[in-house]
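The structures considered in this document are given below.
Shared between the two complexes below is subunit A, which has subunit B as its partner in the first and subunit C in the second.
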Partner chain A sequence: MRVEYINPFVEAAYGILKEVTRGEVKRGELYLKSTSMPVLGVAAIIGLAGDVEGRVLLDMTKDTAVKVASAMLDGMEVEPITQLNEMGKASITELANMITGQAVTKLHNLGFKFDLTPPAIFTGDNMEIADTGVEALIVPMELEQGKIEINVAIRERN
Partner chain B sequence: MSSRAEAARQNRLRVPHRGGGNRQQNEELETIDYKMVTFSLGGKDYAVDILKVKEIAKFAGFTFVPNTPPYVAGVFNLRGEIISIIDLRIKFGLPVEQRPDREAECGLILRLNDMMIGVIVDSVDRVVGINSARIQPPHPIFGDINIKYISGAVEKNDRLYIILDVERILGRESEQTEAPRSERTEGRVGALAEAMAGSGPAPAGAKKVQPGAAGAAEIESGQDQYELDLSFIKEALPSYAQFYPSAINDHWLRARYDQWRRERAAANREAQFASPDEAHEFLKPFYSQDTGRFWCPELIELFRAVLPERLRNTVTVWNPGAGKGYESYSLACVLKKSYPDSTLKIWASDNDLLSISTAPNLVFRKEDLPDFYHDFIVAGTNRHSFAGMIKDSIFFEYHDITHPNAVPEMDIIVARDVLSYLRAEQQASVLQEFYDKLLEHGLLILGDNETGLDEARWQRVDGARITAFRKR
Partner chain C sequence: MRTKQDFPSINERSVSGVKEDGSPYRVLVVDDSMFVTKQISQILTSEGFEIVATAGNGLEGVERYKELYPNIDVVTMDITMPQMDGVTALEKIIDFDKEACVVMISALGKQDLVKKSLLIGAKNYIVKPLDRKKVLERILMSLQQ
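Our next item is the complex of A and B:
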């Protein structure tokens, strides 16, 4: 992945997560991954198109998803949730949208043109994502509510 | 052909374990991949690696410097650059041929890292090309010069050339003169000098010296120990320095190990690494010329010499292991100069996030850059950076080359000192990927010391002084 793309995603993820949870956010060490990997329980995915092709995936456990969604809803003075209902899923989808949207805006200002696809959310137990043939950048984020892994795979159109 | 057979037999006698069947076959092929400048000292033939030689020169009117060792002949003004001159004959205690007054001395200008040093020899002979696989490890009978300065010996056209180790002779001068020589080295040199005494000093005859039966047995068991010690080194390198010995770097590794053993013996120390630092020390000479900095004009010329005259309208280049980007920028400038009408696209990647992140915004001072680059740079607020046409031609990527590589087909792949830092099976798969991605006319450039590719698939570019291959 081009190095110019990395910071916008890291900054956007850090900024948005801090803003919506209003708590401490700690960024873990970035690394690259290309093997198929287990999904923690809730995965929100957004496709990228334009000059590039790729996707952004937010991965977390159900418990973390519920807590993060509650924190977001709390911020809007909406009743917190106890399980991952429609409202919860919509919140996590929105979180993915906010992070990716802000990153793409930053990238646009640097002269890179990206388009987004509408987000989708997957939930379930024992899920695995297999996109071998794709190398992804992993940005681990530690929140008070748990861990969120932001998994970004982008490549140039040749 | 009997002399060849004799030489081959001697080969096996001296290095009984060197490689299995495959390697043995490769060694018989007469491809020239090592060139050396030959010269004479005290009536015998010596050689140095041509890559270490900057030029052949005549020295006249140099300035004596007081309070220097006797072998320092003085300093010399080489087109405005002051270099020191060493008389190799005095350094090695060989007879000095007196020249008529004021006649220029013959010599070589050697390049050692950043430094240039002139050496005086009796006469410079010529450039001889050989197959590096035929270089034999040094043997104390080879000459009057202390074995630790010899990196090997090779026979060509019935002449035996002793290849001197430039780094050892010129580098770390003080360390060598002060280091105590071990009893063992001393003893062996002594014993063999005695053996020599009977057979006469002619170097061409040296290869015919047959050690006695007892001597042969000693060498035999010594070789077992040698291979065992070497295998420990090979096992330590991956864990200490993430360096993976393989066929690709085997040639260098063996030569370096021979040198290392001598260095360590001279310092009365074990050849094995006591710490990662020592493994890094061992690997220092491995790195290719101009690693981690802009390519110097000489390297640029060596690279241009292997470039095809014409390439496609879009020239694609793959540069894994790009680090902070110096190599990629150098490549971009050279290629822009060589193919001004082509569009240039360079995929430069590294798995070290910190290094590669700085690459797109690399700045430098103009005066630190050779003139060659000056057409391609622009002034910033207080530093210079590369012009848009160069910057825009390079994609810097945070990428692990062992992961899937989403790159198009390539005209040129430059991966210097990259493969040796991958595990053996990864080396094979990445090399396969290079093979698949490289266009038919494409060029693969590996590190200066990464020369051992499968000859059935890769052909070393003739006469190239950098490690350049084409697909067969």
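Our next item is the complex of A and C:
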């Protein structure tokens, strides 16, 4: 997988996470995984199909998801959330929409044309993801609320 | 969610959700995301608008519009929704009421659908992520047309 595919996602995630949490965000080192890997407990996944195909995964612990959703909901006159309820999931879904929306616009401007699937949220313990035939590039983002991994697996369609 | 633009500046307070006669503008929010619905509602109510109803998909949005008509001033309409998308719902609302004031809410990268909506008769559009200033500006602009 080419690194140029992941950069727009990393830039978008950095900017948007900073904005919605109103805190510091530290970008970790990029690494590559070609076998199956563990998922942290809450995963928002969006599929891509077109000139390129694959998926983008935002991966975090349940605790981080609750804290990030709470930060997003701050000032919106809703009950503070203590667990990942419907509103919490809707918030994380929207976070995934914001990040992929911004990244995909950048990729479209670079000439890559493809469509996105609506995001889905998986929650559970001891989850793993395996992408056969596509390498995944991961960039961890350290927030005050915990770590969010931006996990992108994309390949060109033949 | 509070963004930089979420803190209204006292110096430029021309924005208001209240009509000249003192009654609030009445809004129908159509969006499948609970988060976005809450976000739009919070921005608008803080400026005096009244959210008269919300709907989770286009079909429900059209039904609400017909029920509430003519006691409705503006509709915010998401584009991508299950059951009936926002462009189709817009079409149905315009068929029912040519004067309807509908503002499209679009994800990035949906320029074609936004253009189509404007041709059908949407008054304006807002591209996500939403911020306070953008939402208020576009909605008031469409109400003043």
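Simple rule for what comes next: the second predicted complex is superposed on the first by the 151 of 158 C-alpha atoms of A that agree within 3 Å, B and C clash if a C-alpha of one lies under 4 Å from a C-alpha of the other, contacts with A are read in each partner's own complex, and residues count from 1 in each chain.
As a convention for this text, contacts are C-beta pairs under 8 Å (C-beta built on N, C-alpha and C of every residue); 3 or more make two chains touch, one makes a residue touch a chain.
Quick caveat, the model's predicted, so the values are computed rather than measured.
In the three-chain model built by superposing on subunit A, subunit B fits alongside subunit C with no clash.
By the touch criterion stated above, A:Arg22 is placed in contact with subunit C alone, subunit B being left untouched. Touch criterion met: A:Arg155 reaches subunit B, while subunit C stays clear of it. Once the two complexes are laid over each other on the shared chain, residue contacts for A:Met87 go to subunit C alone; subunit B is not touched. When subunit A is checked against subunit B and against subunit C, the one touching more of its residues turns out to be C. Once the two complexes are laid over each other on the shared chain, residue contacts for A:Ser34 go to subunit B alone; subunit C is not touched. An angle of 140 degrees, to the nearest 10, separates subunit B from subunit C at the C-alpha centre of subunit A in the overlay. Of the two partner chains, subunit C is the only one that A:His108 touches; subunit B does not reach it. Using the contact criterion defined above for the overlaid structures, shared-chain residue A:Thr64 touches neither subunit B nor subunit C, since it reaches no partner. Taken over all C-alpha pairs, subunit B and subunit C come no nearer than 24 Å in the superposed arrangement.
By the touch criterion stated above, subunit C contacts subunit A in their complex at residues 1-4, 6, 33-36, 38-39, 42, 80, 107-109, 128-129.
Across the complex, subunit A is touched by residues 351, 353, 356-357, 359-360, 395-400, 403-404, 406-408 of subunit B. Per the touch definition, subunit A reaches subunit B in the complex via residues 1-4, 6-7, 30, 32, 34, 132-135, 137, 155-156, 158.
Across the complex, subunit C is touched by residues 16, 19-20, 22, 71-78, 86-87, 90-91, 93-94, 97-98, 101-102, 104-105, 108, 118 of subunit A.
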